[in-house]
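Chain IDs A, B, C, D and E follow the sequence of writing; residue 1 opens each chain.
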Amino acid sequence: MKKFAMLAWLVALAVLVVSCAPAPTPVPPTKAPEPTKAPEPTKAPEATKPPSAGPIKIGFFSPLTGPTAADGQSAFNSAKLAVKLINDAGGINGAPLQLINYDDAGKPDQAASVARKLIESDKVVAAISGAYSGPTRAAAPVFQQAGMVMLSAYAIHPEITKVGDKIFRIGTLADVQGKVGAELVAKNLKAKKVAILTIDNDYGVSLTAGFKAHALKVGLEIIFEQKYSFGEKDFRPIIEKIKAANPDVVYATGYYAEASTLVSQAKDAGLKAQIVGQEGYDSPQFIKLAGANSEGVIITTDLNRDSKEAMTQKFLTEYKKAYNEDADMVGASAFDAVQVLAYAMKTGGTTTDGIIKALKGLKDFKDCATGPFLRYTADRELVRPVSSQIVKGGAFHLYQEFTDPAVTTP
Amino acid sequence: MLQVENLDVHYGHIQALRDVSFAVNDNEGVAVLGANGAGKSTLIKTLIGWNTPSRGRILFDGKDITRLPIWDRAALGLAVVPESGRVFRDLTVTQNLELGAYTEKHRATIQQRAREMFDLFPVLNERKHQIAKTLSGGEQQMLAIARALMTRPKLLLIDEVSMGLMPILVKRVFEVIGQLRASGVTILLVEQNAYEALQVVERGYVLENGKIVLNDTASELTQNPRVKAAYLGG
Amino acid sequence: MDYFVSLAVFAGIWVVLALSLNILMGFAGQVSLGQAAFFAIGAYTSALCALKFDQPFFVGFFAAILVTGFVGAFLGLPSLRVRHDFLVLATMGVNFVVVAIFKYVDFFGGALGLIDIPTPRFFGVNNDIPYLILVWLYVGAAILISWYISKTWTGLALNAVRINEEAAAAVGISVPRFKIYAFIVSAALAGGAGSLYAHYLKSLFPDNFNFIESIVILSMVVVGGVGTLRGPIIGAIILRALPELLREVHDYRFTLYGGLIVLMMLFQPMGLLGDDSTLMRGLRRLFVRKEKVDYEHAA
Amino acid sequence: MSTRLEARNITKRFGGLEALRGVSVTAQDEILGLIGPNGAGKTTLFNIICGFLRPTSGAVIFEDRAIHTKRTHEITQSGIARTFQIVKPFSDLTVLDNVLAGLGCHIYATPRVFAEQYSTRTTIEPAREILAFTDLTKWADTLAGNLPIGLQRKLEIARALATQPRLLLLDEPAAGLTSGEADELAVLVRKLRAQGKTIIVIEHNMAFAMNLCQRIVVLAQGEIIAQGTPAQVQTDERVINAYLGH
Amino acid sequence: MSIAQNLSNAMVLASTYILIAIGLTMVYGVLKVLHVAHAGVYASGAFVGLGAFNFVRPFCTPTLEDARLASNLAFWISLPIAMIVSGVMGALIYLLIYRYTWGKSPTISLVASVGLFTLIQDLLQKPFLLGPRQQPYPAGGAGMPRIETPWFMITPTQVLILFVTLILLAIVYVILNRTRIGLGWQAASLDPEMAAAVGVNVTHVIVLNFFLGSMLAGAAGVLVGVYDNMVFSTMGDVPSYKAFVVVVLGGLGSVPGTIVASIVLAVTETFMVAFAGSLMPRDAIAFLVLILLLMFRPRGLLGRA
């Protein structure tokens, strides 16, 4: 036993030492720029190289472990795909892009540290958050303070962009999504009575706030409202109550895991009301998990799979080709974040000021999966049409496009 | 039957038994006497296997069982009536008896023996299906003895059977032990109640502070002033 | 540099958390899986002082310590009723309820959390170094407090309570009172750490304080060595640094992390630096010549 | 002789079991022996006196004050200390610290508990005196858990003495001791008596009790069956019956 | 809203709690260990069940015309496979870990268990096992009927869960109360030392204990996976603490107590979510109930004093 213990300790120690030893060159976990990244025989000349000759480094962080790892993986995969497509097409004015990704494990303090690591050790020129609101909000001030642009791909917390003039957002603000939801319910579905289900995090709360604000204007009656927790698997008691309240529409915020459970249980319990969701549902996973129960569910989202835009279709097919699965909304947003950033660097150069200037000047940008991007507001929020989709025949299809600036402007 | 050689037992740094050697022969009753804390319980626990000796050997039927797992000792024919009985409190009387014969695989044999026990202890028969914890202290002690007898043990270890019992019950329990002795069961008795214990055994040892200080026949020990002094307060 | 500063800041915060739980667990013997609740209460108190009442950092910091200490006394009450595994579960429940309150009550920011918490700047220096120094001053204070407690009558009483409550009562120690003392000090220390965390991270969400964090804190104390001063410090630094160091093998970092904890518990149950650990025995053999006590002939 | 402690008509029930039935005991300034077979209720009575248990009915009066509603630490602070049948030293602490823990008795309830270090010259001196008195000086720096049982019993007495009690309850202090150790112990207890402390001893070892105690109360089955001088008790028919099992 | 419908839903929820918690209770009964990694076994069970289901289903199709029938058959094959693999996994956990931490401070076992749980979850998340995404487990009701009454309705999947739970409970009951080994278990959980002294091989009993309890957890994983039509690597997160609430409510170590506590908790949750769900999340409610109960009954609902 004694010897065995010692042996096990040695093994453990060896593992630790090996894993702690700094890798000779910090190999970023992306394979995309590999061809251009020639083996570096010595490190010394690197310092003397002109900055334009090396790859342009973009920082990226997303949850690759923990309960939100699936979204982090989608985001990371899509960003890698975008970088590959850009590099295949000649990079940024000849210089290849290099994506440097770290796992934040879904934790804000890890994101805050990772942000600093990206800035210092990896010397990135700009960063993209492929993370949820908590980590994104924790990293944003770090980039702001370092004078570096950060794009939030899909985190929807309203306060993220308020951190400062260097923080931009790709995804539609929750407030806008909520408003579009209310518009859809009132105008397109011609409903009167609505039940609201709110997931008890920033995402759900912001969506519900937007929805309720607009619901007053369009004359909806909210007859039921309830919160539930992230990861909820048992909506049955709530559904029983909703059935009793008998609304026309259930506006249910949440992500696809909760949503697929909700729509299945609603169908089981014989709930007749139309279910309306948002981009959190927008994943092939939703249809895969809910199966036939997902038929007829309407959501508001940025990704229009029926879009005729070349880049949308290219993203969808290339993603499927690269990863052998269908792309989702989170991935599309991360993809677009890279696209927008690449565009900004192409037009404005790789300095922070240049990127900001280019982003501010963005007009009707169509080189993206969830486009077109009309412009950035002064608050660095994106203005664009919001689409709504309906599940039909086991796939998302366009239901209605919302372009009314009164609704879609943040 | 049982031979103990040079046994040392430690609890951490405390030594509870020092160089204890003794033997129990076939069909013999032996008592180990001693005051509280003299090491009697430690001795029994070491024989059962609850304690591991730091030195010495325990031979049972010629086989070295010093390092044998506890449950295998039961299979060899070593049964125990532990201090305060330790019946399985939440199980029924019958279940307790069945557990006594745990090493016996045939159901019919087990039932047969359980019937024998009910004959031997009619009071248990009345309470067959009762949960053990509802039994009185004396009944629990009887149950513990019956449980130990279920294996038809070669050697029965009995630890402080009189502890916490009313004098009338102590009498009754010792009567039962006497009967067992008479029917040829080999018994090692650890007891504070020297007077009763020496009535039912042939030989005795006196343990003091972890050491065996006296070794004699029961009748001699009863007369021995040292025992008398220790127990009857001189 | 900033990266290491941030690692050092967080490491310092976790060292305090580990030390705070150590007072409860190592000194008073009360195993708690709710330490993140006190951490949360401190963080929220301090953040609210800054955001809702416009108070400077130090006001929030001391308010955090006071409020958490007070709440600690209250939340320590279950320890008077229930023991051992029941207490573990009860404290875990406290963690859930506290997080739920922060999440569902709008005054505390609700699910949207608290944001724009200012990071204080000292001496006109425009980086985080002074803050880092402040954090480690607090770590020093926590070490000093732990050390001082262990030297005072309170420490002796807590030790007595941990070892045997009945014997403690029999020498005149009010067991409930000292358990509550331990809860107060432990909670207050964790509360201060929460304040430092809030002002460094600048934003707070209720989910930052899930009971998983309590488990991490407990693991730090146990891996390092319960009841010692060095143990929790080293445990916190190791468990905090491990995921960062393992970044290079990032695909398996939590597999390794979990595996190492299991191995630790199998082969070093006293903790890396516990009194009877291999490492400490080795160190002692190297540096101290221990006179052999002859227990045999004690009597 | 003034009455130090009076237990009045104490009854204690655990569920259906009656451990004590209307027991009344008075202790003057003396060494009082409490004997009886196992399960007689001796330790239960101790536990009631020192506050671990509440009597189902009856009262405990210590120096004219009722203490049966007080908690253990308050009772200890008011001047009653005890030892345990199954020794409970603070095993991870040194022998010296164990005694210091007892010395803290009158500090624990004051604010000094936070400010003062427990191991200073002013506290170590009296602690060492107690160690010397109980002949434990040699073991001062040994962990209590590592001591042999005999010394642990002594340590329990030392720790109890450190609380400066006027009434000392000793629960089977001679159990597990060699006759030599028991004799030493008896000497120690007499010395304590000479210092003016009242002592109640639970004892199994009759020889020890008869030798040491000035007066003896015999309990059996939760009732007092006899009391008097050792000589009286020793010859009492009921005592011999109940206790010696004849 | 229908009280009867909520009650019937709650009973199904209770069934899943029972299956997960009984294993924990059995482990606690003998070892007094808070076995967090049990939730890892539960998730692994779901994963193995799903893997077996997906592997077997294509083989069932050529011989059976009806896809529905094929899927049902595949489920009934996958369930015992998942249970056996989970059982072996549980037994290994004891043999490799708890055997060595037993008898030391309970926090050591707890921390080891937490480490193991982290490890299991992280491994499950790897692409060559389950991957980071939720996977559907489309077994439906596995051939069970739908039950409809005027007051409430039970879906085929719910019938399946109730049915399997009842069968497994019956088996556990028979094993514990009618077999020699079950008697040995009861004895070992009451007094391991004494049980060993009458010849109960405590090591065997404990291994069997882990095997059985983990089998039930594996079954729970499969059933919950089918119920939610979702299997994912972190599905053990909630059970890792919820099962403890059940075990503690039940009085730590009492099997009947666990069953009662599961029902009490499921019913409380169901009705509290309906009436007070916006005041507090479900788990916080569960813990509030636990804390309040512990303040009044410090040893759980059916705990021994």
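Basically, a contact is a pair of C-beta atoms (placed from the backbone, for glycine too) under 8 Å apart; a residue touches a chain by one contact, two chains touch by 3 or more.
This one's a predicted model, so the numbers in the text were calculated from it and none came from an experiment.
Chemist: Report the chain whose mean Cα position is at the greatest distance from that of chain D.
Modeler: The chain farthest from chain D, judged by C-alpha centres, is A.
Chemist: Based on the averaged CA atom positions, which chain is farthest from chain B?
Modeler: Max centre-to-centre separation from chain B belongs to A.
Chemist: Name whichever of B-E and A-E has more C-beta pairs touching across its two chains.
Modeler: Between B-E and A-E, contacts are more numerous in A-E.
Chemist: Between chain A and chain B, what is the separation of their C-alpha centroids in Å?
Modeler: 73
Chemist: Once you find the CA centre of chain B and the CA centre of chain D, what distance in Å lies between them?
Modeler: So the centre of chain B lies 32 Å away from the centre of chain D.
Chemist: Measuring centre to centre with CA averages, how many angstrom lie between chain A and chain C?
Modeler: Roughly 34 Å separates the two chain centres.
Chemist: Can you list every residue of chain E that touches 2 or more other chains, as numbers and ranges?
Modeler: 122, 278, 281, 283
Chemist: Out of chain A, which residues touch more than one other chain, so two or more?
Modeler: Those would be 64-65, 200, 227.
Chemist: Which residues does chain C have that touch at least 2 chains other than itself?
Modeler: Within chain C, the residues that touch at least two other chains are 103-104, 254, 260, 266, 295.
Chemist: Which residues of chain C touch chain A once you look at their complex with the stated criterion?
Modeler: Touch list, chain C to chain A: 1-3, 5-7, 10, 103-104, 110-113, 115-116, 197, 200-203, 205, 207-208, 243-250, 253-254, 256, 260, 263, 266-267, 278.
Chemist: Please output the residues of chain C touching chain D within their complex, sorted ascending.
Modeler: Going through chain C, the ones touching chain D are 151-157, 159-160, 163-164, 166-175, 178, 293, 295, 298-299.
Chemist: Considering the complex alone, what residue numbers of chain D touch chain C?
Modeler: On the chain D side, the touching residues are 50-52, 71-74, 76-77, 81-82, 84, 88-93, 97, 100-102, 104-109, 112-119, 139, 142, 146-148, 150-151, 159-160, 162-163, 178, 181.
Chemist: Which residues of chain E touch chain A in their complex?
Modeler: Interface residues on chain E, with respect to chain A: 1-2, 5-6, 9, 13, 122, 125, 132-134, 136, 138, 153, 155, 224, 228-230, 232-234, 237-238, 269-271, 273-274, 277-278, 281-283.
Chemist: Inside the complex, what are the residues of chain E that reach chain C?
Modeler: 32, 34, 97, 100-101, 104-112, 114-123, 126, 241, 244-245, 248, 252, 278-281, 283-284, 287-288, 290-291, 294-295, 298-300
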